[in-house]
Amino acid sequence: MAHKIAILGASGYTGAELVRLLSTHPSYDIVALSADRKAGQSMGQVFPHLRHVDLPVLVKIDEIDFSGVDLVFCALPHATTQNVIKALPSHLKVVDLSADFRLRDPADYEKWYGQPHAAVEMQREAVYGLTEFYRDDIRAARLVACTGCNAATGQFALRPLISAGLIDLDDIIIDLKTGVSGAGRSPKENLLHAELSEGTHAYGVGGVHRHLGEFDQEFSKLAGRKVEVQFTPHLLPANRGILATVYVKGDPQAIHAELSRAYADEPFLVVLPFGEHPSTRHVRGGNFVHLGVAGDRRSGRAIVIAALDNLTKGSSGQAIQNANLMLGEEETAGLMLAPVFP
Amino acid sequence: MAHKIAILGASGYTGAELVRLLSTHPSYDIVALSADRKAGQSMGQVFPHLRHVDLPVLVKIDEIDFSGVDLVFCALPHATTQNVIKALPSHLKVVDLSADFRLRDPADYEKWYGQPHAAVEMQREAVYGLTEFYRDDIRAARLVACTGCNAATGQFALRPLISAGLIDLDDIIIDLKTGVSGAGRSPKENLLHAELSEGTHAYGVGGVHRHLGEFDQEFSKLAGRKVEVQFTPHLLPANRGILATVYVKGDPQAIHAELSRAYADEPFLVVLPFGEHPSTRHVRGGNFVHLGVAGDRRSGRAIVIAALDNLTKGSSGQAIQNANLMLGEEETAGLMLAPVFP
Amino acid sequence: MAHKIAILGASGYTGAELVRLLSTHPSYDIVALSADRKAGQSMGQVFPHLRHVDLPVLVKIDEIDFSGVDLVFCALPHATTQNVIKALPSHLKVVDLSADFRLRDPADYEKWYGQPHAAVEMQREAVYGLTEFYRDDIRAARLVACTGCNAATGQFALRPLISAGLIDLDDIIIDLKTGVSGAGRSPKENLLHAELSEGTHAYGVGGVHRHLGEFDQEFSKLAGRKVEVQFTPHLLPANRGILATVYVKGDPQAIHAELSRAYADEPFLVVLPFGEHPSTRHVRGGNFVHLGVAGDRRSGRAIVIAALDNLTKGSSGQAIQNANLMLGEEETAGLMLAPVFP
Amino acid sequence: MAHKIAILGASGYTGAELVRLLSTHPSYDIVALSADRKAGQSMGQVFPHLRHVDLPVLVKIDEIDFSGVDLVFCALPHATTQNVIKALPSHLKVVDLSADFRLRDPADYEKWYGQPHAAVEMQREAVYGLTEFYRDDIRAARLVACTGCNAATGQFALRPLISAGLIDLDDIIIDLKTGVSGAGRSPKENLLHAELSEGTHAYGVGGVHRHLGEFDQEFSKLAGRKVEVQFTPHLLPANRGILATVYVKGDPQAIHAELSRAYADEPFLVVLPFGEHPSTRHVRGGNFVHLGVAGDRRSGRAIVIAALDNLTKGSSGQAIQNANLMLGEEETAGLMLAPVFP
């Protein structure tokens, strides 16, 4: 029997991506969709690519009867999210796509997000949603906090290397290129087509991007010591896709071998042959991560390049992968859709 | 039990799109893939977005053992195709994506394609593959000729109107905008990124585009008289998508009503409310057609706008829809994937 | 000696384009720049591509001392513009880029713009700024109203044909494709990169786009009778460029000959050889118009295709061309910059 | 009196860019244009954006009478170039845009380009064309070798820092994003629109890109010791623009101060305020370089970001800047065109 699903914040891009993926998922029924400002509209009006899907009309959150719902995907902005999730009935499983429950330490949350956390007790209970590394915890969790899309990309490149002690922890640089859909659907001058197409620029330069909070938390935990990476994101004139070019000090062949070993049985992780490199075009719309490794002419230096789709594996695909585990479904259910190229 | 499928010409974009769609199809197994110049490579090398799919290696056509194959998708260039299909074992069902078997009259083929047809007897047997209008014939066919992608778009807008006698047959203009993937993967100067991005231009202007052969054949047959439309395609700086803006003389409300009636039960055809208009972005990667109708300030004039994805509904999705009918599967099997937006 | 120039509304795209073109103009000095919301900022902060130009800081309009100014370019929104221009000192020459003074008849303004005109007396005095057709009036004018960018494109294709009586006036269709910069720099959801890239759609369908007011006024005046064209604009996923595909009934060769004749001595108009067609890529950033003509397989039908850059020849280049005439400079001064391709 | 100019290899993108820039240059006349495969065509046929310019028809090189020519721009492929330039009359000044004369040491040429140099004596005579750093040599030179476009970008970020001893020479990483026009106009599958739009990937990964030869030569010479940077280029889905994100160890404020000082009087170099960062969109079509500096949360680390247009400052604009010096013109003559945005 199908699980009953509600999506809060369905009028944003991650909300729409959840609906896209769930529309061919074999075992979930979407029974409620919320969108504050667009309540009363149909999903097909807000996102015409979903016109063919039979869906409930958009409502405000407090209009939803959660009694028959099994699991909620929460795709709301950070800060708003805490209060919404705190108020949800306790029988509900929750997969949160916001930043609100990613950081374990309330002080870290306040540092990176500029305000105290309003649901500290839940913050501690939440499980970090990078599926491949937290499977058992996710299966048992009531609240899973999906990762930042940039944070996921960097971690897929680096976690096995840190765990295996293969790289210098003091000299990690993540130069990241991301598509514009990660910035959401808010009308802002700097997100206009005329401003973003046909070029690139860096943003959040100088160690200030919020996903550093996730990198710090996860890498330090893995390493058993403080690890602070250097991280510079750039906006790419494309809608989807993240490419992380990661510069490390270590042996390239050993690094390639370790990534190959670590991800050998992972259905969504593809380690390319040594010296081949991924393209964001080849993961677009799919839940897959492509990874490549190369050396340098100077020994002891390596580059790891990781590519994923920020809306799929970086957000909504990851969220469904977690929901599958939480509800006892096949982890890959509904997620084997091949990327769309060209 | 799964049907055994071979794809000839798998290294082109329509070949790759077939594999993408078949990779999550519930009842087909791909048992052979051909690619002349890239024989010996894996599909994942030629199309890295398919790396996660377990597929046979690319071979030359004459290396394929067709004895266990049920159906062949043929995604080869026109002219080549005739000779290949003529030589295939007769037990095979064939879905052809080329232009070689679309035109019933050999003289028409010679006129539009500049050479005599080499398999005239098969040309007569072939069924025109516009599924929604040839279902029964397709179910019974051994050889189905999928339509041109532009030809499909224009026909979805116009066929019901011609059948119902709602428009002036002497004044039909199809102004069409098409993504660049329709031009294929051949290395040509005029298909380079630097030549095609950031702008648009018309091509095949003045009544010379080959898809006119299909329009003439189909519209004249429907109308019971000669119908010659005016058709101007433009290249759009986007990879996928066709938008046909069709100018007709007739009553806009009657036209909207007729399209709504004709497509009411069609799973892949979406007629938008009167005055709303489709975007190619909203059908990208899906097998759906979106249709809109508007009037003009002068009565008796209407615009019908149709959008579809040239690689999916315009080619490979259409091909699978036809294969589903030919093999007794659900017509929509494997094809309900939602479009990818943004 | 250099003429002193002020630009009102310098923080929009047409304002920036004026500054770009004037930065290498031999005989103008920009002495004042206004921007209401961005007053106090430098032009280089608002438009970093102009950082190398030495410019006055942005101020509010009422902070400008117009006593030493010779000519004002007004790049403000319509409706606002009327009141601003009405209040300017009478010694100033004014080139207006808004829609406020394009329509001669106040009733037409109210019909297309939804409100009464607030400066009716000036509306009558204003000269329509399509330079090639109103040169003498523009030379003598105090207030010139530059045309709509779509309206300019259509008129370059059609005016000589109407004047020469070469086409059927009741069956003119303008199918137009326009880049997104024409929609301006306002933060709106439907102008986001993620909403506009990678596809196309029609807007203002059904005879409701405001530039029809200009077409009606100008074509009817030329023809000496009411002329109502059909006009459908589409948004192109590119920043600059308009391509108008114009369907007419008339003799293609005669049409080509007449356009060639009419524009033979025009420095900015390029009529391509019969059967060749323009691309918006080839006029990007330049003040040129490219025109092509083709026939159809049915005699008596022709297509005229016109391409220009909406920000240059469609707006700010046209504005400077008019200013050159008004100030007694060479008409082409500062405007011979070649388009930027690729 | 105007200098007489010939351009060899005018049918490529750098050739077209030379013509674009020269078309409004006050003191040069183009008297000959060569294009081997397109000889006999007009420049306007090969590059319609130049149709309005009055130019000689394209010819083969050996059809050119060089007796009245003052300076030749050579925009031919590497390897071909050596033999062509060797055979030119000795009275000609030559600005070469190929890679053939950039490297001083013939062994380096052979290492990076895979074949012995055929004009070793000229290779020694050639002056490296990074104008801002070789002005006096260029003024006196007969043969100037313009730099690689990537090599130029990295050097603008790094040369003053190496000269001033401000950064660790053993830990320099250049992560570079480049537009596709740098790959030229050759018809190759991997340069098609459908292959390159909507995503990004790294290429030449692992210390193998040929522009490393230039970095090694120039940085080692400046430092007085061997310097080997790490350099990874990525293809950006845009036609023009290079963004180099350079990771160094040093004091960010000192670095910003030194770049500001070094470039204070340079007309084409713009150092942004500390913490602001360039975008390739803002240098598109112009001869300017924008530079930004930021620190990191860890002290002693800095990022320098440099942006330029690969076809202008990275190639053809640089070439004209050098020609201006060689012919005694103002260095900035014809090159102050503002970038085209949006």
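Points to keep in mind about this one:
We call the chains A, B, C and D, going by the order they appear; numbering starts again at 1 in every chain.
Following the convention adopted for this analysis, a residue touches a chain if its C-beta (ideal position, glycine included) is under 8 Å from a C-beta of that chain, and two chains touch if they have at least 3 such contacts.
On a predicted model such as this, the values are computed, not experimentally measured, just so you know.
Fewest steps needed to get from subunit B to subunit C, stepping only to touching chains, is 1. Across the assembly, the mean Cα position most removed from that of subunit C is the one of A. For the pair subunit A and subunit B, the distance between mean C-alpha positions equals 35 Å.
With centres set at the average Cα position, the gap from subunit A to subunit D is 39 Å.
If you average the CA atoms of subunit A and of subunit C, the two centres end up 45 Å from each other.
Residues of subunit B found to touch two or more other chains are 13, 181, 194-195, 197-198, 237-240, 278-279, 281-282, 284, 342.
Only residues 13, 16, 19-20, 23-24, 47-53, 181, 198, 239-240, 267-268, 270, 272, 278-279, 281-286, 288, 290, 336-342 of subunit B touch subunit A when the two sit together in their complex.
The touching residues of subunit D, counted against subunit A in their complex, run 171, 173, 175, 177, 194-195, 197-203, 205-208, 212, 228, 230, 232, 234, 236-241, 243, 245, 247, 275, 277-282, 284, 292, 294-298, 301, 303, 305, 307, 342. The part of subunit A that touches subunit C in the complex is made up of residues 13, 180-181, 185-189, 191-198, 237-239.
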